[in-house]
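Two complexes follow with chain A in common, the first pairing it with chain B and the second with chain C.
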Partner chain A sequence: MSILGNRVLRREDPKLLTTGGTYVGDLDLPSALSLTFVRATIAHGRILGVDSKDAKRAPGVVGVFTCDDMGLAPMPPSMAFLNQAMARPLLASGVVRYVGEAVVAVVAESAAAATDAAELVVIDYEPLAVVVDPLEALKDETLLFPEVGTNNCFELQFGHDDRFFEGCDVVVRQRIINQRVAPCPLETRAAAALLEGDGRLLFYSSTQSAHGVRDTLASSLDLAKESIHVITPDVGGGFGAKATVYPEDVVTAWCARRLGRPIVWSETRSESMLGLGHGRAQVQDVEIGGTRDGRILAYRIDVVQDAGAYPAIGAMLPFMTRTMATGVYDIARAEFNSTSVVTNTVPTVAYRGAGRPEAAAAIERAMDCYAAEIAMDPGELRRKNLIAADVFPYTTPTGTEYDSGNYVPALDLALEMAGYPKLRADQQARRRAGGSRQLGIGLSSYVEITNGVPEGEYGAVEILPNGKAIVRTGTSPHGQGHHTSWAMLVADQLGIAMEDIEVIHGDTDLVPRGVGTFGSRSLQIGGAAVNQAAIEVVDKARALAADLLEADVADIVLDKPGATFHVAGTPSISRGWAELAQASLERAGEPLMAEVDLPTAGATFPFGTHVAVVEVDTETGQVRLVSHVAVDDAGRILNPLLAEGQVHGGIAQGAAQALVEEFSYDAAGNPLTGNFADYSIISAAELPSFDAAFTETPTPRNALGAKGIGESGTIGSTPAVQNAVVDALSHLGVRHVDMATTPERVWLAIQAARADAGNGTKSRKGAA
Partner chain B sequence: MIPASFDYVRADSLDQATGLLERHGDGAKVLAGGHSLLPLMKLRLAVPEVLVDIGRIPGLSYVRDGGDHLAVGALTTHDEIARSPLVGSQLPLLAHVAGQIGDPQVRHRGTIGGSLAHGDPASDLPAVVLALRGTLVLRGPGGSREVDSEAFHLGFLETAVAPDEILTEIRLPKMGELGWGFEKLTKRAQDWAIVGAVAARLDGDGSTAIALINVGPVPARALAAEAALEAGSSPAEAAARADDGIEVSGDLNASEAFRRHLTRVLVGRALEKALV
Partner chain C sequence: MEVTITLNGTECTHDVEPRTLLVYYIREAAGLKGTNIGCDTTSCGACTVLLDGRSVKSCTVLAAQAEGRTVTTIEGLAEADGTMHPVQRAFQEHHGLQCGYCTPGMVMAIVSMLAERGDHVLTEADVRLGLEGNLCRCTGYHNIVEAALAAARAPELRL
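Moving on to the complex of A and B:
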């Protein structure tokens, strides 16, 4: 009986739940110094002077550094197609471009001493005009980089066809704000650096990619990769925002080299809210056209992406939004245009879903607007337009090739689990009763792209002379449970018990190569690499066993329950893993081991349908999520427990974007939600118990048949919850409420609908 | 999140504590549950030179039956109030409101004295004390004095507690079976109210008191609505005047207009419950 597909408990949990993990901040580094930063307090200004005299004299201070002191080149935008002239200095140099940007580094004997000293640094600014709204930034009236002459840092412009909606009975338009959110991993950013005896730099990082950190440090500090050793201790979440190397990381390493003592940098939550990159931040104009009876003919989306002050991964997210623009629907014509602009705000990066939730939110809102316009049930409209199961691989009008899919059963199952007809009846009953608590039902049928990057992944399996196995992986788990999953895969191939399989990750000396964990890629590429390595190590072992048993390789079988090799038919004479590992060392002088660099066979496309039910108080505007059904299809499921964990966390974060989370600025660029008192990270108290199920449509693109599950929850849930809120108010004439659907926004939407009704105007009617 | 450096003294008696406050003047701050003060210190919005910790002074945590009123010691935590059988039977409104504050951690650390003395218009308990016309007992180096709840809140984070005084007791008239209503709109379960309202029938003249949470810069009573009820208006008519004459602030969670609307809605709902 294979262990695969079973609800195997996470082997990571006992430690995390009892003694706790070891995070960068827990490291005990003798004689370590603390690093902190003086950060910009205005959103845009010329630095006229930095006075750090008092700070340098403060008790315990060892060093105070500005960008000039470091003499390191700015970090160019990580991707070549982003405007390379908008490079980011490691510490602000000449100009600050957002509140929170690091300007001065302060190193002292303790965190308290560094914090006290940082308060003594006086920075003199000449304020410059501020631009916070990306639509304003688009006008290029206020420039962040005057020498560049534009705020535009990346665009995908294909133009508009004037006759795009020809033949459509109905065209519906909607502006949608996909608001800026903060990723908020429980562990904030942290790094520690020290020089080892041989002069190599040892760097501890809270990251999603140990090797990525090593390579970026090497290029930023102009060092050879081999002279840097990166270790990733336990990481308390990343959500994509820790897949990037930050200037503070480089400064930490620089200080260790400069001062010759270990340096620890561990930011506070208030710093993290302005330091870790933000996510989403798109303004979308969607237009959907079709027939009166619900056949979509054309879909157009224009995006303005807020990149924040320095173009990073966030600036290119519209590319992913375009990739997934038409979602699960068979649409003949699609148009996508986008412009990414810099603004005086925290730079945007990848955040759980990274460009795909924005695509799903846009089309799923558009679908509901269309359904409302033609008075069709949103479930029926979706079913009518889903891509049929027999046309995969399917190429979308924006050129994306979906691997496999079977969309109708997921929709049907979700509606069945939700008790859809009864929900609609309850909703009608409440509307008739006319009370202030109205019910809303929201659907979202989504498809997304996982393992979307062209890189492969490293995996190795080594058998020790004691018969235990070591797995080395280039993935970089930070909550996903790879130690459990990879051990399951290897146990299944080798017959060695899971407890005898150790998984090593996130140490660039112990794992020679690696790409990391992001984009829901790990199982399908990193797990598949480990699986392949396990298969290859079995082959090697079989050959050794044939030698030892003086038999033909073809006749050797692996008895998995016994974890032994024998000649078919004579199980009594066998060789175990320990004997074979020893034989390999003795005979070949090398460990019994297989290494695999598995190239990717292409991205995979998980999908599903979510159904959210909300209760909206039409007097106070308060929204309560009553229930949430998620049917997700991520191909073959290795461990349902872990997959559900990903789904549940994803729904929580996705629902949070729809309901409460939003990072806000005032017009002067001052953050209004810079700590957890003001920024509403969601908690269990606001959420119902989720109802999650899977359908399994394997992908042909890896041996495991697996697609990614890490982001589906976020992608599927947000539009379902937002659509539910709008649905609760649709009988009042409300057609759209932007996220987060806070009490005030809901109230304003109701007020506006009432005013429209009063004026006798019919809102947002499109015409062909 | 590291506060500026400060001295810390743990007081063993009220006299010692008021003596310390007298000596250090404005530079000293009383520390009770710390759940309002410590966050401000960590953000360096409060930078006291000396913290006088009154948390271990014996005899300041209690609920006593005072005949027509209950006397609550300043160090009584929200959780203790919520669970006190005496409060539960005589002042169910207070028990209910205390049980809704923040989250369990906050309720186990935060004290009624701290909640009142902090003078935050977003706090819940000041509204209960205002509505019930409570009395606050302040102890200074020269002895104790009593202050009417009406005269207690002077401005934003400003109360009648002098720098060398300690709030020792809060006295509230018993309500027994009298009707009450409490409404609080929060973004998340643990959050402060965006707007809250307390309505309570008062003993004696049978009038109804209404107090508001997080509407303006100071904890306030909805006097216009109270007067409307007095003059015979229906609860709904009275609620429509809940924000009359009230200074209303706007913030991230509610503009002034929305906050006025919420005030009327929540007062209406609180009245419905109080006047059944």
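Moving on to the complex of A and C:
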């Protein structure tokens, strides 16, 4: 019986639970020096002078370096379509563009000595005008790169027809702020670098892509890739933000080469809040038009994306937002336009969902605004417009081809699990009773794209002479459990017990090629590559067995429970994996092994429906998430235990954005939420347990039938929770509340609706 | 200054600066790296250990304050033969960890919570409130809470 689909416990856990993981900060590197940075304390300013005399003389200090000392070229934006003139220096050079930007590197014998010395560095600034709000940046009045002449770093245009809404009975408009949030993996960024005996650079990185780090270090330091060895020890979470190589990584490597001693860099949380990239940060204007009876005819979205001070992945998020703009709905006409602008803030990067949560939040909010306008139940409006199951593959008006889907059953199941009719009845009862605690029910039907910038992946399976197997993967797990999942896949193909299968990842010497773990890509492409390698190694073994048993290869069968090969019908004469591995070494002089570079057949499109229930105190504006139902469809599920874990974590991060988390700045560009005391990172006390279930609609785009599950929870939950908050207040005339739905925002929305009602006007009503 | 602590059952003495926090004593002086550091504002609980059996955030206690007392870290929880503590087992069985970074602190906080409950039957709400100071970014807390409630029912931990 196949192990696939079972709730197999993680083999990663015993070590993590008994001795703790080995993260970069836990490495034992004798005689290592500590690196720390002096960071910009103003958001925009010319550097008039750097005085590091005292720092250089401080006890234990080994080196103090500025950008000029390093003499390395700036890092250009990683994607060619981003404005390449806005390159990022490794340390601020001439100008600082956001609070927290690294200006000076300080290396000392201990972390404490480095920190103490960093405080002695004096930087003289001439303040420059600051722009924090992306809508202000759009005006190009305050420029971050005057020589470029604009703050615009990336633009997308997809239609603007004045007669776009012709034929619509109703058109509803809404401005939506998809606020800036901090990813907050619990392990902050860290790296260590040292020179190996042969002069190669050994670099330890807390990353989602060991090979990506190797390649970026090679290009930044002008070294051959072969001269760099990257290892990722255990990684304490990433959420997209560690898929990027940061200037501090390059400086760490540079210092090791310059000083000839091991260097450790491990940032504090307060540094990380300004150093690790941020996520989301879009201003969206949505317009939805349709008939009075709830048929959507046209949908338009305009986006201003805040890229932060230097264009990185965040600048291209609108591309993903456009890709998924129309969501699960069959909409004939769609328009999408976006501008990404630089501002004096932390650069934005990928954060769990990266452009797709923004798409889902926009259209799911628009759907509820439309439902309110035509007084239709949000569930009914969704059902009426879902793309039908028999039209896949389906091409959206923005040109995305969805692989497979069956949206109605997920919606039905979610409503059933939530007890939707009863919830609505309870809501009515509370409204009638008129108390201050009102119930809100929020729906979100979403579809997302995984392995969305489609790339292949490397996988290999090798059988050792003792009959055990080694798996090599190009994925880079940091909590996802690939050591368990990939062993399941290989055990299932080979019949070798899971405990005899070792998985190796994140070491560029041991794994020759790899892309990494981000964009929910790992199982559908990395797992599929490992699976394919396992199939191929079985084929090789079968041919060897045919030789040894002097039989026709077509007659050789693998008896999986016994992990032996024999001629069909004569199981008593067989060869095991150990014998075949030895035979391969003896006969062919090579290990019994299959290596696969699996090309991708395209992205896949997981989907589902979430239903959130909140209680809102209309006196105080306090919101409590009471329950959350998630029905997700990620194709065929390999290990439900791990898939549920991904969904739970995703829901919490999504609900966190809807409810409490928001990275904010004052007008001068000073961060107001620069540590864990000020940033309202969500805790167990603010969340309920979740009710998660799956429907399974396989994708034809890989042999496992699997789609990604890492980001669905976030994408589905955020709009469901936000919609629930608005729904709780809809009878008071509230049509929209921006995230995070803090007590203040909720309270103000109620006051504004009451004032509007008093004036006899309707709140934020769209024009027909 | 010399600080002597009974760390995971073994008495150890290290010469540290007076300003040394307990977490650095554990990680650097004693070399036990299981206890993690996740913040600099006493907010995350990644550094939670037991001080005389009760959970503390070791980043908020000076090593000197632990002089002569007993400290238990994640490394000291399993039995000598490697058998995991019921809370550790429950974490694996309920998939209460992903990246593992919060895990040592979470486990120690729950061990303490269970030891302090007396006759009280812990509810989900108790567990959630009790873990308010322990942040996890991966699990959404769902399976951590399940693990804690399962461990609370473990016969070995019944008084």
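Everything that follows uses one rule, which is that the second predicted complex is superposed on the first by the 765 of 768 C-alpha atoms of A that agree within 3 Å, B and C clash if a C-alpha of one lies under 4 Å from a C-alpha of the other, contacts with A are read in each partner's own complex, and residues count from 1 in each chain.
Here, a contact is a pair of C-beta atoms (placed from the backbone, for glycine too) under 8 Å apart; a residue touches a chain by one contact, two chains touch by 3 or more.
These numbers come from a predicted model, not from an experiment.
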item	value
Joint occupancy of chain A by chain B and chain C, clash or fit	fit
First (chain B), second (chain C), both or neither touched by A:Thr673	first
Partner chain in contact with A:Pro743 - chain B first, chain C second, else both or neither	first
Partner chain in contact with A:Glu644 - chain B first, chain C second, else both or neither	second
Which of chain B and chain C A:Glu119 touches, first, second, both or neither	first
Which partner reaches more residues of chain A (counting touched residues only), chain B or chain C	C
Touching partner for A:Val660 - first (chain B), second (chain C), both, neither	first
Touched partner set for A:Thr268, first chain B, second chain C, both or neither	both
Chain B versus chain C as contact partner of A:Asp13, first or second or both or neither	second
Chain B versus chain C as contact partner of A:Asp234, first or second or both or neither	second
Which of chain B and chain C A:Leu186 touches, first, second, both or neither	second
Vertex chain A; arms to chain B and chain C (CA centroids, nearest 10 degrees)	40
Nearest Cα pair across chain B and chain C, whole Å	5
Chain A positions touched by chain B in one structure and by chain C in the second	268-270, 675, 677, 683, 685
Residues of chain A touching chain C in the complex	9-10, 12-14, 16-23, 25-26, 28, 184-188, 234-237, 239, 268-270, 478-481, 641-642, 644-645, 648-653, 675-677, 681, 683-685, 687, 689-690, 713
Chain B residues within the chain A interface of the complex	1-2, 4-5, 39, 43-44, 185, 187-191, 194, 252-255, 258, 261-262, 265-266
Footprint of chain A on chain C - complex, ascending	31, 33-44, 46, 74-75, 77-78, 82, 84, 88, 91-93, 95, 97-104, 107, 124, 127-129, 131-146
Chain B partner contacts - residues on chain A that touch it in the complex	111-112, 115-116, 119, 268-270, 619-622, 660, 664, 672-673, 675, 677-678, 680, 682-683, 685-686, 742-744, 747-748
